[in-house]
Amino acid sequence: MIDWYTANSVVIQATMTTLLLALSIQLPLRMGVFSFAGVGCFGIGGYTAAIAFTKFGMGTWTAVAFGTVLAGVLCYLLGLLVHKLTGLYLGMATIAFALIVSVVATNGGSLTGGASGLFGALGGITNLHVFLLLAVVIIGLAISEAGRFGRKIDTVREDPELAVALGINVTRYRKLTFLASGLIGGLAGAVTTLLRSTITPAEVNFHLVVVALTVIIIGGSSSWLGAFIGAVFITWLPTVLSFVAEWEPIIYGFVVALAAIFLPGGILGLVKDLRHRRGARRGSTPPPEEGAAAPPDDEPHAPEPSRTPVPSQGGAL
Amino acid sequence: MSRPSHDAAEPQMIFEADDVAVHFGGVKAVDGLSFGLPEGKIVGILGPNGSGKSTLVGAITRHVPLTRGTLRFLGKDYGNDRAHLVPHRGIARTFQTVRLLEERTVLENVLLGTDSLSGGGRAERRLAHERAQVAMQRTGCEHLAKERPDELSYGNRRRVEIARAIAMEPKLLLVDEPTAGMGRAEKEEVSALMMSLRAEGLTQLIVEHDVQMMVDTCDILLAMNFGKLIVEGEPRDVVRNPAVQEAYLGKQAVNHA
Amino acid sequence: MQELLNTLTLGSIYLLFALGMALAWSTIGILNFAHGAIFVFSAFSAHFISDFVPLSMPAIILISVLVGATLSALTQWLAFEPILKRSKNHRSAELRILIGGIGVAAIPIALVDWATASAPFGFANSSYSTQVYEIMGLRITNTSLIVIIAGVGIAVGLTLWLRRSRQGLGLRAIGVDSETASLMGVNRTVMAIGTMAIAGGLAGLAGALQVFQLQAMGVETGDQLLIKAFAMIVLGGLGSMAGVILGAFVLAGAESLIFAANMGTWVDAVSFGLIFLVLLVRPQGIFGRQEVRRT
């Protein structure tokens, strides 16, 4: 066990930081908010922590806290600006935000180290620390997925108009999701940077959005558990199958496209669906549904339910 | 175009609309409606397709912005409320197209009605569960509690939606075409449910195309056409009114007489 | 003046790229995130073939256009159509198409990256040679001329075709309301695949011309251009081809100004900032109409 851990500690670390980044994007998606601002916040958190650590001599955890909070605040402000946008427009605006962070970092002179980035920001973070931080984030997210809170969030995503009719303050949920996403993204950036000791503007790019999305789409977007599955999948697959490492981008491209087409709920959605189906078969024999079989009556207005026969995927996309 | 005349003997109005209008660009979906909902009564709205009934319901719940007019509930003007506050005042609605969370069970869908309106404490959660249970019993879907909505018949989906609204324990219930797509037997159940809710004092506004059911269920009927109120009064009188017959029943009277 | 000419050339390439994207997005509602990858891969295919057989310019362009059209149509047929069929609502479809596009894009990009070892590629073996003309003190290359004529010509042609022709009307009907359109006898699937083929062909054309103009292309060009094209489309207003034309030249102009001011490292911020500004101030774009969505 110990041997296994020491042999794999780098991969374990990568899994955890990738997961943090993915969670920062997954939370807004769970609310139906197409925000990729978490990636920009990753940059903000990373740079802030690195600057605080190397230029201002702050301790590791003060620097991490600075990066996290600043990213959260900026993301919240961004949310106030853009929360009315929907769909792809919001997605692109937040991608633009992430890329602007990168351009600003490139042009930040000696403060940000320009195009070559910042070096020597090796903080005193261990895998255990990352694990504990991750646990805190996951507990918070698990609470947001359970019970009333989880139902409300699902409604905000699936049908905002219905959510409003049930008394849910959809706008507030949307705005707060920016704050939470910024905090998680900032934390991910700060921790990753102080672990690796460097950050460059080139890291905060479209590719990072793709990585985060890949994790979520493979694992499943409806729960942190999905992101966990996805993070494990993409960090461990290349170590297990060496041919994967060689063809990594192509394989991931295929996997992501296939998941988008066939598995919108990701691996987690698939498992949940199978479980539900098995449960339903084992469960009570449904009582006779009186009237259910009655033909729709002669009402000219009765709209026939035009429900598309979509296999339910248990996912949240 | 006759403005309704209110008797002095009429009971307290729980809700009042005054000159309410909703225009979408050039489309005057609702165009200057004034009416009241007497406490504890069932008021029905009839009107041909596109006459603005659903838009009116949306206006009452603040889902659609008002072009002009005022809305009063329990004596308070709430025309400037944001929409999510309306349920907190005690107004619940159902939608013309059934809107459920397909990946949650029926029970959870009904619980959603209580989720924002009650606190998260243990006792309150249990109370919410009881309310949901009762709501499911009354609408006849308690045996479906563990099913997912996507496995249900259309009529049963409707029941779940009504149950969710009842679980909100509103003071005013707005239902938009609750029996669309149901068979005759199911319709009668829904109608009986509404009357039993009325017996408990719940005020209801029903939009429905089934004239027979409306006449049987409602205390007052409003007939709309082109966003305007054309007649208001006793259900039988309204249905017999020539203006209504022409606007609405002309093509349907055959089916329902 | 010389600046203006350079802007015009740059803007024309932007335009060709963005036109295809705008066409697909505004008519069949597909924002294809693989559009940039198709752009790169088409140009690369032409490069690859021209390394074996020396080709003339038209042949290279033809190859690039055909590869682009094929790739784009395949993407629609194999990825986006199935997604549309399996999505329960618009929001879910939108996200899945975005992700599917990103996934598809990764494949050709990885192939090019692998084949070129991440080095820029060009059409070194082509029989085409650049010539410089001097007209009234302005220096213009034959490539620039071709680029500008192709860009502006195709943009105007496409705009007119959409407005006037029967197919164009059918396409626009899909954009407005696909149900009505299918009642009008428009076969949505065929139309969609056809539209995507045109879009991909335009990407291929833009790709080949870009390589002729700049002598070389890097693998990462596609992603950058994708975001720039988005900026152009939202600036002009989705649904308006005239808007795309305006957007392309405004962006090219703004970028040229930034370069002229010696602030080259900020150049990407122009398009990102533009996206932001437009979405906040006038989300429907300059020529776009306010969207009216029925519930």
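Order of writing sets the chain letters: A, B and C. Residues in each chain are counted from 1.
Following the convention adopted for this analysis, a residue touches a chain if its C-beta (ideal position, glycine included) is under 8 Å from a C-beta of that chain, and two chains touch if they have at least 3 such contacts.
Since this is a predicted model, take the numbers as computed values, not measurements.
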Determine the chain that sits nearest the middle of the structure, using the mean of its CA atoms as its centre. A
Going by C-alpha centroids, which chain is farthest from chain A? Tell me that one. B
Cα centre of chain A to Cα centre of chain C, whole Å, reads 29
Chain B and chain C have mean C-alpha positions lying a whole-number Å distance apart equal to 49
With chain centres taken as the means of their Cα atoms, state the distance from chain A to chain B in Å. 39
Identify all positions of chain C at which a residue touches two or more other chains, and write them in rising order. 88
Of all residues in chain A, which are in touch with two or more distinct other chains? 161
Touching two or more other chains, which residues of chain B qualify? 102
As the complex stands, chain B meets chain A at residues 49, 61, 63, 82-88, 92-93, 95, 97-99, 101-104, 108, 111-113, 115-117, 120, 125, 143-144, 146-148, 150-157, 164, 168, 177, 180-187, 189, 209-210, 251-252, 255
Chain A-touching residues of chain C, taken from the complex the two chains share: 31, 79, 82-83, 86-88, 91-92, 94-100, 102-107, 109-111, 113, 223, 227, 230-231, 234, 265-266, 268-269, 271-273, 275-276, 279-280, 283, 295
The residues of chain A that touch chain B in their complex are 148, 151-152, 154-155, 158-159, 161-171, 276, 280, 283-284, 286-287, 289-305, 307, 312, 314, 316
Chain C contact footprint on chain A (complex, rising order): 29, 32, 34, 81-82, 85, 87-89, 91-93, 95-97, 99-100, 103-104, 106-107, 115, 161, 206, 210, 213-214, 217, 247, 249-250, 252-262, 264, 308, 310-311, 317
